[in-house]
Amino acid sequence: MKNKGFINLGFVKLDVEREKRKGLPEIIYAPGKTIEQLKKIIREFKKHTNLVFISRLENKQFKILKKEHKGLEFFESARLAFFGKKNKERNGYCLVITAGTSDIPVAEEAAIFLELMGNNVERIYDVGVAGVHRLEPFRKKIRQAKVVIVIAGMEAALLSIISGICPAPIIGVPTSVGYGASFGGITALLGMLNSCAPGSVCVNIDNGLGAGYFAHLINK
Amino acid sequence: MKNKGFINLGFVKLDVEREKRKGLPEIIYAPGKTIEQLKKIIREFKKHTNLVFISRLENKQFKILKKEHKGLEFFESARLAFFGKKNKERNGYCLVITAGTSDIPVAEEAAIFLELMGNNVERIYDVGVAGVHRLEPFRKKIRQAKVVIVIAGMEAALLSIISGICPAPIIGVPTSVGYGASFGGITALLGMLNSCAPGSVCVNIDNGLGAGYFAHLINK
Amino acid sequence: MKNKGFINLGFVKLDVEREKRKGLPEIIYAPGKTIEQLKKIIREFKKHTNLVFISRLENKQFKILKKEHKGLEFFESARLAFFGKKNKERNGYCLVITAGTSDIPVAEEAAIFLELMGNNVERIYDVGVAGVHRLEPFRKKIRQAKVVIVIAGMEAALLSIISGICPAPIIGVPTSVGYGASFGGITALLGMLNSCAPGSVCVNIDNGLGAGYFAHLINK
Amino acid sequence: MKNKGFINLGFVKLDVEREKRKGLPEIIYAPGKTIEQLKKIIREFKKHTNLVFISRLENKQFKILKKEHKGLEFFESARLAFFGKKNKERNGYCLVITAGTSDIPVAEEAAIFLELMGNNVERIYDVGVAGVHRLEPFRKKIRQAKVVIVIAGMEAALLSIISGICPAPIIGVPTSVGYGASFGGITALLGMLNSCAPGSVCVNIDNGLGAGYFAHLINK
Amino acid sequence: MKNKGFINLGFVKLDVEREKRKGLPEIIYAPGKTIEQLKKIIREFKKHTNLVFISRLENKQFKILKKEHKGLEFFESARLAFFGKKNKERNGYCLVITAGTSDIPVAEEAAIFLELMGNNVERIYDVGVAGVHRLEPFRKKIRQAKVVIVIAGMEAALLSIISGICPAPIIGVPTSVGYGASFGGITALLGMLNSCAPGSVCVNIDNGLGAGYFAHLINK
Amino acid sequence: MKNKGFINLGFVKLDVEREKRKGLPEIIYAPGKTIEQLKKIIREFKKHTNLVFISRLENKQFKILKKEHKGLEFFESARLAFFGKKNKERNGYCLVITAGTSDIPVAEEAAIFLELMGNNVERIYDVGVAGVHRLEPFRKKIRQAKVVIVIAGMEAALLSIISGICPAPIIGVPTSVGYGASFGGITALLGMLNSCAPGSVCVNIDNGLGAGYFAHLINK
Amino acid sequence: MKNKGFINLGFVKLDVEREKRKGLPEIIYAPGKTIEQLKKIIREFKKHTNLVFISRLENKQFKILKKEHKGLEFFESARLAFFGKKNKERNGYCLVITAGTSDIPVAEEAAIFLELMGNNVERIYDVGVAGVHRLEPFRKKIRQAKVVIVIAGMEAALLSIISGICPAPIIGVPTSVGYGASFGGITALLGMLNSCAPGSVCVNIDNGLGAGYFAHLINK
Amino acid sequence: MKNKGFINLGFVKLDVEREKRKGLPEIIYAPGKTIEQLKKIIREFKKHTNLVFISRLENKQFKILKKEHKGLEFFESARLAFFGKKNKERNGYCLVITAGTSDIPVAEEAAIFLELMGNNVERIYDVGVAGVHRLEPFRKKIRQAKVVIVIAGMEAALLSIISGICPAPIIGVPTSVGYGASFGGITALLGMLNSCAPGSVCVNIDNGLGAGYFAHLINK
């Protein structure tokens, strides 16, 4: 069953050398997998790595998995499950900013992943541009971050504002927050891709984990 | 917890100086907020303003909030909750027109907001262009309005008709009423943006509140 | 070279039985054909039919074809060339209405085709809804038409207006007139497809000929 | 409450002169209307017309309305309710053709409306182009129709085939039948709008009623 | 040739009562009109109104028209021609703001129209959010405007920023400035429609004139 | 009821000569058909063919059909029901590859159909390009296949990788696996259509059956 | 400069083992390459392969290349240049069918490539479904082909028709022929992807070469 | 003319404190600016910064500017002009990879900007996945980079491949290279946003400069 660099369970080929290649282990994406498949994957993974992540896990799925895997921790707001040893040792901090309150679940996916990977994380939530003065007290915190994640739906203008005042690399996460012509996050995505302020990049809609992962690579 | 111009509750930064800056208080957008978050926000807001609006609130959410906040009023057709003192003192009137019966909930969001902010409101509902003669008896009322809100789905031709006969500024609200190639309001939105009759503008699909807010600024 | 019901020139298979099947001969669509191909097609067609139409022909193409085919007539505003005998004998009239002046070339493609096929045609140009009162003097003419073609760009609201007052079948032709979010006629097309007034149908953007052809079938 | 040409119930303006203007009465579109609104509309309509149509009505809505309005008939496959006297007197027939079995509900909306309005209707169902020989036995029926309605989802190629062999005017109804890149009927709609065979037009996705209405105008 | 409320030149129906109905005369849209058509329209208009506007006129068109109509003035940056008497008498001012230098032609279309209609206009150009501190010295000017027009391409975040600090009604004009995923102004348009800051509306892409017209109605 | 080449049940025209024409019998597409319709179709089909396929059947539908048709087999993972005699006799094998675990249901639709039609099938599941080394042990199996089906969602890069190393014809099936800007499979579809590696084609989103059918034609 | 399996010219890495891996050599895609780059690539390729293809080459580019590479042949209608020895030895034939005359250039790209690779090719041009009887005399030729390529723009219904009567695998090539809502080939592409007749697949818009390549793999 | 943090030239507000805030000076975007505007901007900038960048400059614009500003250097392949002192002092290197030869201009925009800002740059061009073995000799170079920029059009699968084997942060730049359903870079953009391999982000289509800027921030 052991091939070069992966474990073949038939329905899945576990990439157990991901950590060696990429510096981080494979992250299990829960949607579209049965509970039996998840169980088998975790069992196998635990033989090969000290660190298991499961993303977009639902609470009821977690409860079943928990029975077998006692050490599994679940961060419900981030839909993220984790098995392993947290690591706190880096200097500097990653900053996670949201435009609104509804963007927080996506933000927590990024923030908790970053913390579990041993990064210091600062959070500034609900400082969207409808009241841009709310950024003022945080200006120093923004300017001193090593990397910044900006999470926003609707027109996502917050990315450009942060990008205009912050020297660190900035990762935009468009969210599906909004209605009508927000088109499930397309407007926020397009807005971030077209930011007039240089120094920012973008990930997929609602992809908090991808932004956290990338921020970790920069902060490493 | 008090910063310059806002209250920091962590998950939310209440913009308590919005009224000073914009002439209207912040409006709480309910979707994506938990009932606990809504409770905390209202409690805090009541310390700083005499006027609280909650938009897109569901009936069952209102019933829970009502227990703590006795003075909270709910306009179910408009999904709008309100706390404070109504104000009736302006001259002139805002006119709210719909093309169909199905557009009325969006219209009421605009109309009730305008009334709560102290504007006189006139309503003309279900006068879409399939029977344009239905506009005839209202021609004088249309021509004498201070500002007009036109609410229509499908092809939204009513905006252009009103715009052709009315000297006041006209705000179009495309609605998601329709099926097939109405694409959830995109057709109505595009139709309104391309109106051949000058003197009109447009807000997001189903955004009755935004139109009411803007009409209030004009009527002020 | 003669097969069952068509002439095989290799690069083209002339459908010489179209007239028998459909009541109208094949119409030659000029774009994408070389001048040599057009020449050969016309030569061959003239052996089999008394009626040749070439659509979307450019003036300079016409001038070359004219040298060989003296009887060819060209209607430049409609980009339509014609060879044969015009026919005037039907009762009733087809009505062609445009919203603006820029829609006239598309309208002429429909109108001239209809006339060449022996229909009476009435034209009302530039009566878009920005000034809907301009329709008033034509109300009787609209109501008595056998079939109506409405040609409009931008939001194309004129279709719904006409459809609301006219008992005849109405064919909408969206045009690419407009800019920005008119998206080359998509907005007009969607508007016409979603007309709230029953009794209308739609053809492709700028397809005046298709509307004329269909009107002819109704008026037959 | 009686205005010029309509009845004003506030939430609705009944267009009681539609029949005089258009030759057909207003058709009540059920979606987005409450059961109370439907009741009031029917009550009022019955004072002014002998013919009431309600489209896109659900079965459970019908059962409630039936209690008050005994004479109301319901055609469940067509989601169409009807009150009045059927009329059978015209010559010729309208032909309703579907590409597949799943297109039948949309077809029945057209066919039943046509029958109620006094047209003879012929039906040919499930003759899509995957087996185009299935059209053969119906060739004569197709060629002798006064007007044809073609109802198809997916790529909707049937419209072009029928259009190539039939001299009557042809109305295409794209349906939302399909999956993946059929995009809820957009592919069928675009296919019909771009038909290479002249003599056809198109209505909105799933709009069987609109096609029936238009066919009635032609057959009149 | 004189009908009720318009002049019928065949290819155009001049709406000479527009001024009476709407408070402003009809504006001639040049694209799609021949130079001969423009000449005839101007000649006729001058008999009925003291104020003629021609929008989106090209320089070479203007030069030809100028020969016959000596009084015609041309504002090349705004592509706007004008004939008549300017009017300066209103209190307050309209403020026109652009995000970038490339947005200026659209801004001038709004600004010059407003000036010609007798409004005071202030301009603040190139203050996009990449350097939001550039707004600081203009804060008072922004807060005291009667109405504000914000013109921006790319992600158009400037609208939300202005909307957050300004109590006046704000009209957004998305521009086609940008590249790649700006999609010719669609991104800016969507961003403006989804602004998280209340108090703004939107017109079509690059429609400076429409914004100017609407601002004039508010400032009236 | 027997026509030339099909059975006419009214609501359906069974194409009983499909097998003669195409080499494979008609496949019954379950969605949009009632259980009564399915029953009648199967009954009739069994008189004319030894092979009945029903695609996209739900488990509960199968259970009802099974009561009447004892020999019906159901492959739940592939949503495919089958009645007839399996056939195993061909040389070579078809290879079915998925990028992820969530793509397996679509893959099984292809694989089981191929097996029932008498093809040898090899499966390689979950070898997406995030860990492209997982392909290494299968390189020989990939290079020796007669035809390959690649099934992938998200960005669907696996198709291009396989296409770069495999001399056989390759059929891509984009899946709706993904979130946000995967747009229900559009991104995967576009990616496959634009593959830079020659030798591949594409079917509709999630159309495993279509790919299996086509692979069978090649392997024949 | 020689690496494992490719030649590194810096701006290009020639894949000289493509033939070994895929059975066909790399095809040089001309657009976006300078004439100097093309010269260098051909020079280098000729050292390693007996077969050089250049696709989408313009006539004037060919003339320059011809000076240095005397043996280069150019098929202008197919925009395809070729250097090497043609090969004629296979049994069976590939059939290339177009719906219209304007689709021929795309068809020739497929047909000439197939011929150069040693396949027999039959062509049937201009048999679109507007006159489907034109297919009749070719029915036997269609049914006996080893593989069929169908090339069509507009609604591309021809693919489904051919697919309904032909037992061979069918490759659809949507073309950008059409106007208005054909959207540069999107409609044809969607139509082909949603074909109701099984047994067909699809390549990118106007990608005649890709279809020829794939047909060659099947016919091999 | 000097305000807080910027120079006001009316048509432009030069952000002379950008370098202090962001670590890099403002980059002048040439499109949409007249040559006179560019001259004035450069003149003014040179008073305040030692580093001037002009992006997307055309060769003929450069030649005019060069007359006044002798020190201006122009990198034509990157459309980038530069004035100032290059800086070479950082450890590590940024790696710029393209899928094809046509992607090189976008790559050079990134690479030259990085070099001018004092970064070591390595280039690997034309290693797209059609021949993924071409990556082999560069595996070490890829794994040791500090940051990687991947530039690809069409389906842009290269990003995922690189992302699967490289531990550094990876920035994707979709390009408009391709035809048909590549939709001017949309397919590449969507592919990159949906990459199944973690560790990558994305910028706007053809935005080489934005990627270079962001890479510089990471490498700093």
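Letters are used for the chains, namely A, B, C, D, E, F, G and H, taken in the order the chains are written, and counting of residues starts over at 1 for each.
Methods note: contacts are C-beta pairs under 8 Å (C-beta built on N, C-alpha and C of every residue); 3 or more make two chains touch, one makes a residue touch a chain.
What you see is a predicted model, and the numbers here were worked out from it, not measured in a lab.
Steps from subunit E to subunit G, taking the shortest chain of touch contacts, total 2. In this entry, subunit C maps onto subunit F through a rotation of 180 degrees when their C-alpha atoms are superposed, rounded to the nearest 5.
In terms of residue-numbered contacts, G-H and B-D present the same interface, as over half of their contact pairs agree; the other options in C-D, B-E or B-D do not. Most remote chain with respect to subunit E, judged by CA-atom centres, is F. As a whole-number value, the distance joining the C-alpha centres of subunit D and subunit E reads 44 Å. For the pair subunit D and subunit H, the distance between C-alpha centroids works out to 57 Å. Each of the following residues of subunit F touches two or more other chains: 100, 130-131, 164-165, 180-182, 186, 189, 193-194, 198, 204. Pairs of chains meeting the touch criterion: A-B, A-E, A-F, A-H, B-C, B-D, B-E, C-D, C-E, C-G, D-F, D-G, E-H, F-G, F-H, G-H. Residues of subunit H that touch subunit A in their complex: 21-24, 27, 164-169, 171, 189, 193-194, 198-204, 209-211, 213-214, 217-218. For subunit F in complex with subunit D, the touching residues are 3-6, 10-13, 15, 17-18, 26, 29, 31-33, 37, 174, 176, 185-186, 189, 204-207. For subunit E in complex with subunit A, the touching residues are 99-100, 128-132, 154-157, 159-161, 163-165, 178, 180-183, 186-188, 190-198.
On subunit E, the positions that touch subunit H within their shared complex are 100-102, 104, 125-127, 130-131, 133-134, 136-137, 177, 179-182.
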